[in-house]
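Shared chain: subunit A. Partners: subunit B in the first complex, subunit C in the second.
Up next is the complex of A and B:
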């Protein structure tokens, strides 16, 4: 038996058994007075109830943020936060930003070279010249 | 004398930890997320004499029947939080699922492949191969339309399916008769038959590969500066691509009984 590392804590594999949406909370901040919140205020009145009803997994809070630009903040199950400033945006644009935050996973954006990320050992093992078939030269 | 007894009692208390005795602790420590139990009969002969007969360890699949490659994934369900023991059948299944009988080599060797876990599979999405195992994260190089997080996709195009000692490889695709003076890039209007039509994939009855849509990822904003000669103006082009992230939920080889009974999953 080859040398093995010590047993570690089991990693979570979201999606292999049950699936949990990675966005757990969305905070909508608005200002009653400022003009940059105009789109946000109408979004809160017209679109937010339907958005919240179609995404029951997400906790949604609405709170004022006076004298500031409107912001949507997402909190993710990996502990990170993502905030998007939605000043001067139309209702449609704000909805797109809310859906972006819903689908995101909270990780930092980085350029990925390889499409597959795996935590498993290699299935076929590492090649070894002293085992397996004996090549005769 | 007294100090020795005190020491011993302290040591005994230390050792009476909640851990079980040492012989009950797991012998094999491992980081892997999948158990590596090999229930296949010992080491197959294919491993020891694969140099002499390389074709023995690789069984050829029966010909996959002619199917239009509409898409390599089929949305199954929108399961969010509830864990369903058995997923429902795909809503839109190819009407031309192959019904050809299994070949003898498959009938003989598929149970051996099935008995040895874990498995890997080279699944194809839009004709691109991805070698995955169960639990892998797959970031597609494109944004998939009409899916939302939590959707389960059935990947039904694969060219390789294997375990540690066995590999099931798809039959070689039929060659394309192409005029010499045409490069394939310049052929227009889909005149070339794709890989599915040429029979280059595994029979989709033999395996089950499912993936969950985890969400959407983006790359950092790309900024490219465009300049012209003898002109001070610099145009900045910004782009940011988005990608769909899948998690491989299930990679399974189906048993002969399941395949023969014709039940679908």
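Up next is the complex of A and C:
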């Protein structure tokens, strides 16, 4: 065997070719009775159909959660969940929260310290003392 | 160059009993949602066995069978599944591809043995399309790739593991247990139980299989699958959908990886059948070719300097000489040597290592990679000029290399 090959799997680069929205499900929980769900209930009636129609990639479920605060819960492709409590919020605020959950990628929030993150090796390479201008003492 | 008639592949892979005239009941997978397109896409019907006009098909749909007794969700449930519609939109699938076909792609042969309802026939077609597009891309863009690396590259793009991870990245969930009452947007498979997971020696299609001869690279090209692996069941590879369905029915279940592999392949086949060749190619480019693979990391040289000197002898270059470019700390605990291999005055490669030998071997490997990974500028693939469009580019023949170094 003069030359063998190592097996690996090509890594996905979401958005380079196809873009897969990372939020795959949004659950809207409401309560018919409690006052903290007032905004949520009017959101479900007035804004949710348009929101669902403009985001067909997301599976949307609506279910009651009696005697609890209203919650929007997002399920993501990486297996994580994000839940936002929207008690006492206005319709506009709830829409903003739903869009926030839609646009999230499901990962834990962390600070991006470097401006660029790349899977490719640096074109320039790491510095080494043997190339480039020689240092004369 | 003879053109590949891709549009006939679907029909070619089916056994004769499926190549029946169009039945009086149209394909139920299209009839429900796309009546206005039926005239447009009738030519695809020849190639899908879903339209086999059997009485048991109509019985199973029309009679009020409890859903729990069906092996997989009936097609009529597909249009009411939120998961399925979301998956369709998430993958930006062409609108010509109905939800019913997408639902069928999600039914593995281990869940529903009937080839009228599972994805085995679509998976065979999709496997061929994926293999064709991957290999034409690799062969035209990297004409000097050694055969083993070509196998590994195909495995990295469309191998079972890649398709499994792709299924996960698409957000496809696996049903706990298949059945008629399960949401059609879940991947349906009957899981392989641990006590059943014994390796069954199937027909590999190799002569003298019982002797377990060494498998050289040349014989892998002829006998084995597109990744250079032994075929699990040679009858599968010949494209007999009926055999696939029935053999899996008696066998144990499937693993997640096998079911995901069949799902992705079936989806590619379905895109091809419903939306056409161009859409299938676009789907391939967007979802498969856009993934990142560093080909230079697939090489595993055993004797790089020897290979390089054979290469230079074959190509008529001067035989390679390794020369020390620079060094530091020769007598220290961690010396570094930079060695280049030269053919005459031309530097073929350069490598750094902790010993002279290591640096020399790295330099030879770098030189060999430089040769093998040559890629022509503006390489075309044959499918770029497929189709009858007049505005298409003119075919420029691809570079064919004489091959890798045999030592």
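The working rule: the second predicted complex is superposed on the first by the 115 of 137 C-alpha atoms of A that agree within 3 Å, B and C clash if a C-alpha of one lies under 4 Å from a C-alpha of the other, contacts with A are read in each partner's own complex, and residues count from 1 in each chain.
Here is the rule we use: a residue touches a chain if its C-beta (ideal position, glycine included) is under 8 Å from a C-beta of that chain, and two chains touch if they have at least 3 such contacts.
Small disclaimer: the values here were computed from a predicted structure and weren't measured.
Trainee: Please name the chain, subunit B or subunit C, that touches the greater number of residues in subunit A.
Mentor: B
Trainee: Based on the superposed arrangement, let me know which partner A:57 touches: subunit B (first), subunit C (second), both, or neither?
Mentor: Once the two structures are laid over each other on A, A:57 reaches both partners.
Trainee: Does the superposition put A:11 against subunit B (first), subunit C (second), both, or neither?
Mentor: So A:11 meets both subunit B and subunit C here.
Trainee: If you stack the two complexes on chain A, which partner ends up touching A:2: first (subunit B), second (subunit C), both, or neither?
Mentor: After superposition on chain A, A:2 lies in contact with subunit C alone.
Trainee: Which partner chains sit in contact with A:125 here, subunit B, subunit C, both or neither? Use first/second/both/neither.
Mentor: It touches subunit B, and subunit C stays clear.
Trainee: Would you sort A:24 into first (subunit B), second (subunit C), both or neither based on which partner it touches?
Mentor: second
Trainee: Looking at A:111 after the superposition, I want to know if it touches subunit B, subunit C, both of them or none. Which is it: first, second, both, neither?
Mentor: After superposing on A, A:111 lies in contact with subunit B but is clear of subunit C.
Trainee: Per the contact definition in the header, classify A:133: touching subunit B only (first), subunit C only (second), both, or neither.
Mentor: In the superposition, A:133 touches subunit B alone.
Trainee: Touch check for A:103: first (subunit B), second (subunit C), both, or neither?
Mentor: It touches subunit B, and subunit C stays clear.
Trainee: Both subunit B and subunit C touch subunit A; at which residues?
Mentor: 1, 4-8, 10-11, 13-14, 16-18, 20-21, 57, 119
Trainee: In the complex of these two chains, what residues of subunit B are touching subunit A?
Mentor: Going by the criterion above, the answer is residues 26, 28-34, 36, 47-52, 79-81, 83, 118-120, 130-141, 148-150, 162-164, 212, 214-220, 243, 245, 247-250.
Trainee: Per the contact definition, I'd like the list of subunit A residues that touch subunit C in the complex.
Mentor: 1-14, 16-18, 20-21, 24-25, 56-61, 77, 119, 128-130
Trainee: Per the contact definition, I'd like the list of subunit A residues that touch subunit B in the complex.
Mentor: Interface residues on subunit A, with respect to subunit B: 1, 4-8, 10-11, 13-23, 57, 100, 102-105, 107, 109-112, 115-121, 123-125, 132-135.
Trainee: Residues of subunit C touching subunit A in their complex?
Mentor: So the residues of subunit C in touch with subunit A come to 82-83, 85-86, 88-92, 146, 148-149, 151-153, 155-157, 159, 161-162, 165-166, 168-171, 185, 285-287, 289-293, 297-303, 306-307, 325-326, 328, 336, 338, 352, 404-407.
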